[in-house]
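One structure, pasted below without further comment.
Lettered A, B, C, D and E in written order, each chain numbered from 1.
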Amino acid sequence: MLINCAAYQKGRKIADIPVDKISSYIARGDCFVWVALKDAEPAELDVMRQEFGLHELAVEDAHHGHQSPKVEEYGSSMFIVVKTVELVEGALQVGELDIFIGENYVLSVRSHSHQDFLGVRARAEREPHLLSHGPAFVVYALMDAVVDRYFPVIEALEAELEEIEDRMFEQASERSNIERLYQLKRKVTVLKHVVSPLMESAGKLFGGRVPPLFEHSQNYFRDVYDHLYRINNSIEAIRDTVNTAIQVNLSMVAIDESVVNKRLAAWAAIFAVATAFAGIWGMNFKAMPELDWKYGYPTALVLMTTVCGYLYIRFRKARWL
Amino acid sequence: MLINCAAYQKGRKIADIPVDKISSYIARGDCFVWVALKDAEPAELDVMRQEFGLHELAVEDAHHGHQSPKVEEYGSSMFIVVKTVELVEGALQVGELDIFIGENYVLSVRSHSHQDFLGVRARAEREPHLLSHGPAFVVYALMDAVVDRYFPVIEALEAELEEIEDRMFEQASERSNIERLYQLKRKVTVLKHVVSPLMESAGKLFGGRVPPLFEHSQNYFRDVYDHLYRINNSIEAIRDTVNTAIQVNLSMVAIDESVVNKRLAAWAAIFAVATAFAGIWGMNFKAMPELDWKYGYPTALVLMTTVCGYLYIRFRKARWL
Amino acid sequence: MLINCAAYQKGRKIADIPVDKISSYIARGDCFVWVALKDAEPAELDVMRQEFGLHELAVEDAHHGHQSPKVEEYGSSMFIVVKTVELVEGALQVGELDIFIGENYVLSVRSHSHQDFLGVRARAEREPHLLSHGPAFVVYALMDAVVDRYFPVIEALEAELEEIEDRMFEQASERSNIERLYQLKRKVTVLKHVVSPLMESAGKLFGGRVPPLFEHSQNYFRDVYDHLYRINNSIEAIRDTVNTAIQVNLSMVAIDESVVNKRLAAWAAIFAVATAFAGIWGMNFKAMPELDWKYGYPTALVLMTTVCGYLYIRFRKARWL
Amino acid sequence: MLINCAAYQKGRKIADIPVDKISSYIARGDCFVWVALKDAEPAELDVMRQEFGLHELAVEDAHHGHQSPKVEEYGSSMFIVVKTVELVEGALQVGELDIFIGENYVLSVRSHSHQDFLGVRARAEREPHLLSHGPAFVVYALMDAVVDRYFPVIEALEAELEEIEDRMFEQASERSNIERLYQLKRKVTVLKHVVSPLMESAGKLFGGRVPPLFEHSQNYFRDVYDHLYRINNSIEAIRDTVNTAIQVNLSMVAIDESVVNKRLAAWAAIFAVATAFAGIWGMNFKAMPELDWKYGYPTALVLMTTVCGYLYIRFRKARWL
Amino acid sequence: MLINCAAYQKGRKIADIPVDKISSYIARGDCFVWVALKDAEPAELDVMRQEFGLHELAVEDAHHGHQSPKVEEYGSSMFIVVKTVELVEGALQVGELDIFIGENYVLSVRSHSHQDFLGVRARAEREPHLLSHGPAFVVYALMDAVVDRYFPVIEALEAELEEIEDRMFEQASERSNIERLYQLKRKVTVLKHVVSPLMESAGKLFGGRVPPLFEHSQNYFRDVYDHLYRINNSIEAIRDTVNTAIQVNLSMVAIDESVVNKRLAAWAAIFAVATAFAGIWGMNFKAMPELDWKYGYPTALVLMTTVCGYLYIRFRKARWL
């Protein structure tokens, strides 16, 4: 679906243009065209391919989707894939933003994502001195918008981790802790595969040999890279912590178990003693003088209570009870 | 076994040719020869070695099979090994496709694989403008076909992982979960050794210093590389998740165990109390006044029931029962 | 908040200057300006941006804070971020020091940190021969001060690790051990993300291609790098040891558990034997001759004691008791 | 001990020569000398050092043995260390083959190894067209022979792993499984330190900057490298799998344990119920009407059996029994 | 404390010289000065700094100690830090050897180490042809001496590991095994941080771009590097094995536990059966015909023994007992 199709000159929009005029505007050379599609149909992509003169392989990638984040040069034009990430009811939803860039055009194709980039265009149009840098700035603005939305996702995952941690040290044997840790790990793994190749790719857009289109906007892409670097560090930290937490949870379960076992052992011992005594005086020997004593029974009860009480105190001290 | 042997000019097949004409067609210089063998006998390979002038070491590799995926230059010709992968009744079956490439020939030798590449040839012959790129395009088409068939394998493994996950959180102590995780890990390890060296090798076919034969098809091989990169990422994700799942399963077993232990402890305690009471009133002391009471027995039963009931409720609250 | 704003010439302070004179002093070219801010307001940063002619993106970073440590070049000027670390009541508190450097100025902005750097300025002013090296030396002095304060933090963490270790081998099942190990791991992870990117960045300030501003102070930055390298090694060692300790703790819990289980098993066996004997002689068969023996009862007691004593000794030998 | 000492010209042996003629044959320049020693004495090595003009440090290495595999250049001559590996009664036996190479000589010194290399010499002498390549080909033939013998070792380890796997899922608690896994891991670690540095070194003998002696035999050393690469991959796979197997075995033990525990719990519960009932009717209260019933006893037995039977069925259903 | 201070010419000592003559001997240019200090006081270091013209930062490092191993260039002079390692009563004691090297001097400062290097000097003086290489050879001799003393430490750690292994498979639950493994891991971690940075640094003293002082002694430093490489491999192998051993030990504890649990379960079952029978015949029902049988009691005993014996045999077969 076509979202937007406009031509810009010196940082200002000169016109919303129809799709079939794109190639002529591109040919003018004194302006650039910025087109935004959403969940594009093959037919739409084909029109774009012809108007912009895009490379077949790049268009095919955009068509199939499910690409890894990447930055590819096709001669003097480029093809960039970034992934959008949203948390929808606790689940991670991954979309895709494919960007085709040439000397005087930018074409963005968004798929499987609720996020829109109208705000990016609006902000860009309010700052003509920046937009006048041309397509490279548009790409920066789009990537920056995508990457900025990673931060709340990371924060949500960190918050979840902290919540699990708090419960872990209170209720280690709670089945849900471990299941949530596992789910968290899976989310972080997904996120890692979204962020890490993008960071790697972004690292090629500044310093060293840079594609000519981005030569004058290196500081901006270094900024994007910095954000990705921080996000990547956070991801690594969460991953590492989750791994540790899983191990620690196992230890906590073992300790819980051990506490229960000790308590069981202690009470079992106390009652076994009582039962053994009762068993002995329950024997049917004829000659058991104490059975005939007047205070035999209370004495026996006192004796049993004393022994059991003594054990109880000892177990208490040993912290088994 | 010879599958196919044909000469192509400007992207079109000019003739199916007999094996002993190969060298003369190659010598013409205005066409290229594309030969496909399957489970080749040493004698067949020897004929090919002479007709194409292949390097002894490469032929030996093709003869022995069980090579790692690789891309090797022998002077101006090249030798490429890729592995085919199929899931046959849940088991991973690994075959091999050895490709010899020269300026005007391609020889592919397939072993231990049910997959055929007739479709690749048919498609290539339908697109003369692509096939006219010569051997490099044929190699791309073959590699692309092999790599495309990795995706369903990956998806099958991911599906299996998800199935195990679902059961893991329900029936942690199921012996089969852990065995299936282990088998999954082994399959992924096999797959990794199929994909990862190929990715590394494919990375040398575009960007930087590229073998002359592939100089004009770099975009295509970058496409193959991208696919391998994604597959490799998926493999890494599965590996990592399986490792975590094995640990998590252990935790779940420990939690299950702990639940059973608590329940055992609770019931043992309840019955130990009842038995201890019964034991006491089963003693044979002469002077045990309560034994002579009219309602001694029901009182005792009520008392025992009350104490046991109290314990039951307490254990319930503590969630041991 | 402005802490300090002074101009230096040949290593000596020539004047405390008002903020609005900064640009004119910078323009003189024969002196340099050293300004220190603390928890700067956006307005203050904006003034600085204008006076020093700072790059927008760097100022934005300083404004937002929460950057990763880094060293960035903006044309001939530079932007450096280092993190300060303090242990406040056992918790790790991370602050930030942003440094803007130009040919004849240094601007430092400190946030979220109780540490001040007045000592750095005082020491620098006492050593004009060093301060005469200009901004690069100031940056070195600041970084050195920050990094020096990492050492006591590392030592505190190492001390805590040793304390946990001592308790771990005595009281493995202590819940607090594992919780403390976990917290220690988290602190070390935080510290790692403070130190490791800084080390990486510092590594670019000496040897190989060095930013022109730092060309003559490479030995100093290598010294900072060395310190960071040692700290990083210590962090790695702690991380590794904590991981091992968590596993070892689990083993110790399992061993403790096993000791308790053996003891439980042993006592249970002993009392079960006694109870079984008592049960047998408690049966109501008419014809049980031993019940009528004169010394039946003491004989029975002796027999039971003997068997139980024998078991006790055997378990002792097997080290179950 | 001297094994062989011969001079070769144009790929053919021209003479077995005495040790003291070596230097004069080397000086001729139109032939090369190939000497093989076994478990060389210091005195023998010293003679060789003088005849061949070897570097002191290389000779010292050969004398001490226990080197890591390596490829070292000493001016125009080279020193190569490879390790031989044999499985002797299940144990890994590591020997060493030190090779000194010059423009027209090869000296190999074998230690602690039952493998001999007479076959290599015989085969080389049968193929004069290859042997005429000179020392580089001899080195290739020796290395190839050593590396070829790694394959059966790897296969033996893989077979052992599979055997352990089979037993692991049947008899997890078998002490020997875990011990064998541990021993397997150790063997693999030894093998890794044999193969991995050699692979690294072999990687320097082709492609990029190659020692002049090997310039014309790069394809051969790439072949050796390929073999080592595959072996290394197999080693990594075994290592990884053993690690997983150790964890999986622990899980299997825990599951076994849990099965036993459940069964124990179930039977304990059933007997505790029976005992409690018996205890109650064993009490000595005067007024226990059911004791006087004619069918009291059989009723009691039926009741006890019914309750126990009910429990048995329930536990069966819950799969505790 | 000054240990030695001498001047050498053409590999021979020409004089023991007083400290205040050092600078004049250095200035001569035809000889070199070799000074050795031990646990140097700040004042001594200051004298050396002036006599040799050392760089302030290097002297400060030597003064503070606790450096990581490193090789640093200060203009044409160099500063090298290596760590000495001794096993004193099973504990690892780490000392430091700081070496300052110039074109015609070597100054070594040893701290916290019982090892002396008089042997190095004596050996060097006995081999004038080597010593005539000048300071670089002295540095090699010192480093070689330090590194040679790592080997016995490694061997001691390997021996300890083997001892623990032997006990581990016999007495898994021995608390000391796991504690010793942990201590071993810590020692190896310390050793790693001693060896690994030194190896890295030594790697810069041969091949590629080498500091001019060492240009003619590259083969020697490659030899040191080789030793460090082997030691490093051994360290990695021990680390890896200790990690595995910790896991294996946990498995062994779990298996031991499981053996004990099975035995407990078996005996508990046997006695529970006996007790249940006894309980039944201990009930006070009037009408229990078997109680009045003449051989009721022995029959009962036989029955109980038979059932228990049957269980015993079954458990034996199932290998629970």
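For the reader, a short list of remarks on this structure follows.
Please note the rule applied: contacts are C-beta pairs under 8 Å (C-beta built on N, C-alpha and C of every residue); 3 or more make two chains touch, one makes a residue touch a chain.
This one's a predicted model, so the numbers in the text were calculated from it and none came from an experiment.
Among the remaining chains, those touching subunit A and also subunit E are C.
Under half of the residue numbers found at the subunit C and subunit E interface occur in both copies, marking it as a different-residue contact.
Note: centroid distance subunit B to subunit D, computed from Cα atoms, is 24 Å. Per-chain CA centroids place subunit A at a distance of 39 Å from subunit D. Residue positions 247, 250, 254, 257, 261, 264, 268, 272, 275, 279, 282-284, 288 of subunit A are each in touch with at least two other chains.
Chain contact topology: the protein chains form a single closed ring, every chain touching exactly two others. Order of chains round the ring, counted from subunit A and going first to subunit B: A, B, D, E, C. Subunit B contributes residues 165, 169, 219-220, 222-223, 226, 229-230, 233, 237, 240-241, 244-245, 247-248, 250-252, 254-255, 257-259, 261-262, 264-265, 268-269, 272-273, 275-276, 279-280, 282-288 to its touches with subunit A in the complex. Those residues of subunit B lying in contact with subunit D across their complex are 55, 57, 61, 66-68, 70, 72, 74, 173, 175, 178-179, 181-182, 185-186, 189-190, 193, 197, 243, 246-247, 249-250, 253-254, 256-257, 260-261, 263-264, 267-268, 271-272, 274-275, 278-279, 281-284, 288, 290-297, 300-301, 304.
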